[in-house]
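Okay, handing you the structure first.
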Amino acid sequence: MIYLTRRERFCAAHRMFREDWSDDRNSKVFGKCSNPNWHGHNYILWITVKGNISDEHGFVININTLKQIIQSRIIEKLDHRNINLDVDFMKGKIATTENLAVAIWNELKPHIETEGAFLHCVKIAETENNSIEYYG
Amino acid sequence: MIYLTRRERFCAAHRMFREDWSDDRNSKVFGKCSNPNWHGHNYILWITVKGNISDEHGFVININTLKQIIQSRIIEKLDHRNINLDVDFMKGKIATTENLAVAIWNELKPHIETEGAFLHCVKIAETENNSIEYYG
Amino acid sequence: MIYLTRRERFCAAHRMFREDWSDDRNSKVFGKCSNPNWHGHNYILWITVKGNISDEHGFVININTLKQIIQSRIIEKLDHRNINLDVDFMKGKIATTENLAVAIWNELKPHIETEGAFLHCVKIAETENNSIEYYG
Amino acid sequence: MIYLTRRERFCAAHRMFREDWSDDRNSKVFGKCSNPNWHGHNYILWITVKGNISDEHGFVININTLKQIIQSRIIEKLDHRNINLDVDFMKGKIATTENLAVAIWNELKPHIETEGAFLHCVKIAETENNSIEYYG
Amino acid sequence: MIYLTRRERFCAAHRMFREDWSDDRNSKVFGKCSNPNWHGHNYILWITVKGNISDEHGFVININTLKQIIQSRIIEKLDHRNINLDVDFMKGKIATTENLAVAIWNELKPHIETEGAFLHCVKIAETENNSIEYYG
Amino acid sequence: MIYLTRRERFCAAHRMFREDWSDDRNSKVFGKCSNPNWHGHNYILWITVKGNISDEHGFVININTLKQIIQSRIIEKLDHRNINLDVDFMKGKIATTENLAVAIWNELKPHIETEGAFLHCVKIAETENNSIEYYG
């Protein structure tokens, strides 16, 4: 088993809040992250896949194939978007990095497996100080 | 003359567009940066001040004083905010990094001079690939 | 299970030596790290906690709560301090990064569990080339 | 058990191709990475070893010993070299980062164990976006 | 006047040597950088342009236009190439970063000026420790 | 004219204080940086030299020569040392980064000029947020 990690980036707006809570309660739980006019981040995404090294070409997965999957399934839907309003796979969810990591895992998993590898980890850094990892 | 640079960060939403332009024209000029539902960035800000080294304490300016000026005048107004909607010194301006750098220069200059130093440069990185510098 | 990592930093002096060894032996084992007049580092600390995503707010743990625990229990005791002389939880221990990681784990563990999450990893980078991880 | 990671770097040329394939097929599978005139990278290597903390000196392994092993066994053979042509332990292998990670593992493993520790992970970053991890 | 910097990257092989020198002399002057089988780097390129902020759109230059100029004139010719053998604007020159910076300046200057801005600086980092800047 | 920058690093302890001031006054001016038991940093040093590109070898200065000058004149005296107690060229000076930059400039200038280049800038980062530049 060998692990390959691809880093991608997307810039997005978001807001953490619950519609069924008052502004006051949202502000108490989510602090400045619940600002009604949104804020945003340069998210960094690391996708780790695992598998055997192919005798034929020496790869676990062709990096260009992996790149295209992440681009078309994830980055195009998130980059320069509003996570709460524009992203189909985040509809109805609180826009925390935790929920985002799980949603990205679910989007990517079948497409990685089609290529004969396994999804191992979705890691997202929201800032240089805060990051989330999900292993399924 | 010696130069001291302080790095600070803020996370904000923005959108590049002109109200007097059609959606189509905004999209042609500003591309995905004009998304009506906003997007955002982890902006990095470097403030460079210059002056003489004080014989008394060996500083060009006390770093804590500089930090407090940048925090209260700039970061508190920008962090977890919407640059187009929430920031007094960006009202009526297109929210490009160029305009933001000039506006931050104008906000900071008098407060740096009060401390006996000179503002030398405002540098802002919007992403790891794009940055702006303004020297007045 | 989801993993959240918070990065914090502290600047500290230290020295690696054993009081019961001669200067010569200390120098042979610890090299320039045993300099009697101390040296220091910008330590980077990553604390990883794990747990379930709360349905209520979408977090594994409130990042501000985690931040405050790390600040009050660890950073305030280490930042701008001498690890050998000033830090209660390092008394009597050789000030290696290995021992520091274990000590920080012991300090943090009960306070993370009080918040309903689990401490997963303490990672410390002493320089850009050397780092230590401890998983309990 | 505690984990220590040492980062080292090497700059090398390489080319991904199979001698038994036509230029056309190499280009189709390996893309621009098969350029017959080579290309190169600033590879970053992280070697993670694990073991118990010694009561005597507080280390899992003396970092200088680890450094010398990595330098003499790996870096001196790879740095400012051509991975396909100059490196004994890569002879006859496709010069992918996957194959390189496994080869480095095999080179290092016995020398780490001689020092009373265990090799845990070989991680190589080929670019800031692509990296490989191997755990044996 | 405001300054905008765009970062781009390319991975290339090169070798520093003079054909009219013996292997011995090349090795004495250029050290391991003269390895006949090449070596390579992940070069990082920063292009800084300067100009006035346009009242119309708030940019000094449209970043996408700048990006396309750098891509088509520089990156496509250098990325995954051999600087000595494959790059027209480096023919007959010793492949030092100094010479590369001047050559890139000459390639880019007219195309930046066509867009109404001025080329200010070409900066190239060959490794994390070595970089070159050229201001014309 | 072309500019070459070499990055080096050193880990050192220091303390900011004046012997002729009371502990109280030192603490008021220098804050936690005046801790009597010292603290320390991973300092990063960038030395920029300028000159013409040699027709003979394509360098402004041989990078190995520059490296050796910085190592022997600066790094060996500062690395794993106490800036206040161990460093001859800092004796009698307050150990601020400003004073350190000027002292390093004075140490290096003649040795760079002996090699036919000019010292352009000494830059020191004390933390990832604070840095000093001196141009003579």
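Letters are used for the chains, namely A, B, C, D, E and F, taken in the order the chains are written, and counting of residues starts over at 1 for each.
The rule is short, and it goes like this: contacts are C-beta pairs under 8 Å (C-beta built on N, C-alpha and C of every residue); 3 or more make two chains touch, one makes a residue touch a chain.
Nothing here was measured: the structure is a model prediction, and the numbers come from that model.
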item	value
Co-neighbours of subunit E and subunit A - touch as defined	B, D
Both-way neighbours, i.e. chains that touch subunit E and touch subunit D	none
Required steps from subunit A to subunit C (each step between touching chains, minimum)	1
Listed chain pair B-F, A-C or A-B that repeats interface D-E [over half of contact pairs the same by residue number]	A-B
Copies subunit D and subunit A - interface residue numbers shared by over half, same or different	different
Centroid-based (C-alpha) most distant chain relative to subunit F	A
Distance between chain centroids, defined by C-alpha means - subunit B, subunit C (Å)	34
Whole-Å gap separating subunit C and subunit F, where each centre is the average of the chain's CA atoms	28
Junction residues of subunit C, two or more chains touched	128
In contact (per the touch rule at the top): chain pairs	A-B, A-C, A-D, B-E, B-F, C-D, C-F, D-E, E-F
Parts of subunit A lying in touch with subunit B, wherever the complex brings them together	9, 11-14, 32-33, 35, 37-42, 79-82, 85-86, 127-128
List of subunit D residues in touch with subunit A within their complex	16, 18, 29-31, 93-96, 98-99, 101-102, 128-135
Subunit E partner contacts - residues on subunit F that touch it in the complex	1-8, 48, 53, 57-60, 62-64
